[in-house]
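Chain lettering (A, B, C and D) follows the sequence in which the chains are written, and residue indices restart at 1 in each chain.
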Amino acid sequence: MSAASHLSPSEIMIAAVAPMLEGLGHVAVGSQSPIPGSAALLAQARSGGRMRVSILGSRDQNPFTDGGRELFDCAGQGRIDAFFLSGGQIDGAANINLVGTGEIETYPRHQQRFPGSFGSAYLYYVVPRVILFREEHTPRTLVKVVDFISAPGTSAANVYRPGGPFALVTSRCVFSFDKHRARFTLQSLHPGVTTAEIAEYTGFAYDTPARVPETPSPDPATLALLRGDIARLVAATYPGFALKTWGIG
Amino acid sequence: MSAASHLSPSEIMIAAVAPMLEGLGHVAVGSQSPIPGSAALLAQARSGGRMRVSILGSRDQNPFTDGGRELFDCAGQGRIDAFFLSGGQIDGAANINLVGTGEIETYPRHQQRFPGSFGSAYLYYVVPRVILFREEHTPRTLVKVVDFISAPGTSAANVYRPGGPFALVTSRCVFSFDKHRARFTLQSLHPGVTTAEIAEYTGFAYDTPARVPETPSPDPATLALLRGDIARLVAATYPGFALKTWGIG
Amino acid sequence: MLTSAPPLLSVSVLAARIGNGTKLVLPADYSGCAMAVVTELMRRPVRDLHLVGAPVMGFQADQLIGAGCVARVEAAAVTLGEHGLASRFTAALKSGELEMWDATCPAIHAGLQASEKGVPFMPMRGLIGSDLLAVRPDWKVIDNPLAEDGKRDPIAIIPAIQPDVALFHAAKADRHGNVWIGIRRELMLMAHASKATFVSVEEIVDGNLLDDPALAAGTIPSLYISGLAVAVRGAAPIGLADCYSADNAALAAYATAARSSAGFRDWLARKLDREPVTA
Amino acid sequence: MLTSAPPLLSVSVLAARIGNGTKLVLPADYSGCAMAVVTELMRRPVRDLHLVGAPVMGFQADQLIGAGCVARVEAAAVTLGEHGLASRFTAALKSGELEMWDATCPAIHAGLQASEKGVPFMPMRGLIGSDLLAVRPDWKVIDNPLAEDGKRDPIAIIPAIQPDVALFHAAKADRHGNVWIGIRRELMLMAHASKATFVSVEEIVDGNLLDDPALAAGTIPSLYISGLAVAVRGAAPIGLADCYSADNAALAAYATAARSSAGFRDWLARKLDREPVTA
């Protein structure tokens, strides 16, 4: 556990996300998602190059040549296996809110306005494995019921929906999502975090197994890969993050 | 009339079409339409360059960079003022048939199969000034009722149709089209052609004014332009036609 | 050269072609932003713009909102990205002076594509169960008319978005009015979908961009271009791909200043003072 | 380089990936035709193809029909252009051995775009009153759900066309599997819309086409490419834009031979004999 004790919070989350991508053919990442982006590049390296990673806004990792619509068309074609979404609010049914807080009747004069829904109201439906990612794990972000549903966690049976939420990764833990029950289960705790802490900081109800394991730390080889080749790749797309996390840029 | 007596049949038709394009902003021409293409280039030269001419399949005159769909999208946007269509059969209501002859019940085992409808079932509706062009003027091509309607000459009032037929140009004459009456009127006779000849060779009913003028011949300056600059431009896109018509290529 | 080639204008004359109340589509910060033109629009200032983000907007929208130029925003998001929230946008929403048409990226692309194709709508998957449908009464859900017998397959339809004007910045144009945009095809979609398109460019190059098979592939033909202006570093302080990077200090300074109404006013006054109008 | 880059195959191995019954989309003669691959398909011969023309077809379709490879044709037209009617196509229709799905160019584009976007259909103007609607029961007319109150606005909807395989020829690809197509964007649409895409190219170039901003604008990323083969003059006797012109003597000789069944058989036998299979 000595290596793990030196892991930074970002590295813990990267290591938590990367295994979720194992075996996938094509993972896409939004332009301002350095931790998911780092996790995707790590998973790609571990796949021996069999996994494609497309990072929006990256000069080198972005293969798209048909304009802004191509990401969405590509996902609609079933060519994107995993994507990351976040939310100003996320609730226990995996509904996400990227619009704002307050009663919907007061729209658009929100108490707190978020930037907007981006592509969530589409990608959440068509990408098979959507990983929710939100560093801030507080009752403010993980709420009982979102004030505005940018995109719902689940849909009625007759709604076309090959995709949906797979897990929720925060700075404290990993939740898995069961779409049939529309409910999260506490899957693993980051080093040093307790189930009581999760209960205190989570605004929605979720299932807690009898024993909750620690979020697995990367083995030494993986950690060396992350801090070496991957960190240099990450620096090309997310220079600020790479500088802060690994001191390179 | 001495200049006119030296006009070739192709030149007569070019001269008949060109004035129909006067004042238009953008004329598009199909890839195998040398006479309409020549007429468009002539009209462009006479416009002092204010008219755009787009010739499909041309290296120099084709401005499109968004693939095969762009012509149709461009027309749908209202950016194409005139286009040319033809038909294996054309009837008196300006319905055109590019599919084949015989009872529609026998489709697709036609007595005579034509290549197919190309873009007619769309462009005929959305391009304001569609000029029908068919060199062969016989009861075989100009029929009472087409066997298959690739695209109708007129539509019900509630059908979206900013475009439609404007005129029909053949090797013998020019018909104008009245969309409210869904009927052609004999507008002009090519040099040497009589109204009796038109009646004999036309399979559909049409209106004949008391006096039908001769199709105007180009003035000497226009003819010189056509046989000079325009012929050289035409040769770049339709080399076979330019060689046959003007001996250049 | 066609005498119908789009006119080459000064930045301020180009900006003057964008009238009050214009439905104006703008690209995201990662595409080509005509910031020099935006400055002239704020100087005037233009009024009552209906901004359409293709599909999201950043500094352009926040500045125009702060300068009182905007009545309505239609976008999938408005954000300054790594520089944080778009404060003038947020403040204008809260004060009630700004109408908001929240969207999602592919719905904007679909609406523009509908306009590009001359159809009244495009169908789109997703959306069902999203509160976006509640705040966008112009979006409808229909039963897919091609669904198998007896099955109900609800699907959203997005009305065509036809902006009056598309405005963006690009690396180069030629004297015929052809504009090179490279892989930034959303700019081509904006031009196809809009009634008029105004473009500022870094430079006007000799020859015809369409004559070079490589460049032609990334070129919007002049057919779609209504007017051009040369604006060297015209996207600054935002970057322009393969030309210059963003001036992050300037962007951060803007983001900080724009947190308050007074801060924005000072920032704008200094900016207009520093960049005198060019006739 | 990704180990997931599409494999570099021989022409015959690439052709072998196209199985009996494949729904195969092919470009028009003015785009990039993989004639060397077509020859291998005739040599086998592949059976029961459902050919989709994007949006019209010429020599490729006529040859494949003559060689007994085709069960169904879906296209806006089949013609040899200046070389006249497509005689094998016409003969097969008359004999009743060929199923025909007549279309119109923008309907094919719309169907492919629907597949590209993952929607079940696209609306399209025109068509109403055309007998194409009578012979295409899969096309429907609905009332525009967004029409003004009380107005009936009929509009056609075209179902998505998702081919199993797109096949075409292009000037170049790189070792990552990116394919340069220039302004021939219908090839990109075909690739986006299809489950798999096989491409023959004149050459494999060093480097990465996506690294050059000019070339990237005309490049289909390897993401969409399932397999590549080098075929020098692989579009001959049809031309390839900016590479070589059509061999009009050879095309005319084909058109003449294909007027009769026997003439076609002789032409094909000579062709297969002259072009031995490459493993």
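In this text, a contact is a pair of C-beta atoms (placed from the backbone, for glycine too) under 8 Å apart; a residue touches a chain by one contact, two chains touch by 3 or more.
Since the model is a prediction, treat every value here as computed from it, not as a measurement.
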Next on the checklist: Quick check on the contact network: minimum steps from subunit A to subunit B?
Outcome noted: 2
Next on the checklist: Farthest chain from subunit D, going by mean C-alpha coordinates, please.
Outcome noted: A
Checklist entry - If you tally the C-beta contacts, which comes out ahead, A-C or B-C? => result A-C
Item to check | Averaged-CA centre spacing for the pair subunit D and subunit B, given as whole angstrom | outcome: 29
Checklist outcome for this item: Between the Cα centroids of subunit C and subunit D the separation in whole angstrom comes to 36
Checklist outcome for this item: Distance in whole angstrom between the CA centres of subunit B and subunit C is 40
Item to check | In subunit C, residues with contacts to at least two other chains | outcome: 113, 117-119, 124-125, 153, 155, 183, 188, 216-218, 241
Checklist outcome for this item: For subunit A, residue numbers touching 2 or more other chains are 64-66, 72, 76, 126
Item to check | Every chain pair in contact, whichever chains are involved | outcome: A-C, A-D, B-C, B-D, C-D
Checklist entry - Quick one: in the complex, what on subunit A touches subunit C? => result 31-32, 57, 59, 64-70, 72, 76, 98-99, 104, 107-110, 113, 115-126, 148-152, 155-156, 158-160, 240
Checklist outcome for this item: subunit A contacts subunit D in the complex at 25-26, 48-52, 54, 63-66, 72-79, 126
Checklist outcome for this item: The residues of subunit D that touch subunit B in their complex are 28, 30-31, 54-56, 75-79, 81-82, 85-86, 89-90, 93-94, 96, 98-100, 102-107, 109, 113, 124-132, 134-135, 151-155, 183-189, 241
Checklist entry - Quick one: in the complex, what on subunit C touches subunit D? => result 110, 113, 117-125, 140, 142, 144-147, 153, 155, 157, 159, 181-183, 213-218, 241-242
Checklist entry - Any idea which subunit D residues touch subunit A in the complex? => result 1-4, 115-119, 178, 188, 192-193, 210, 216-224
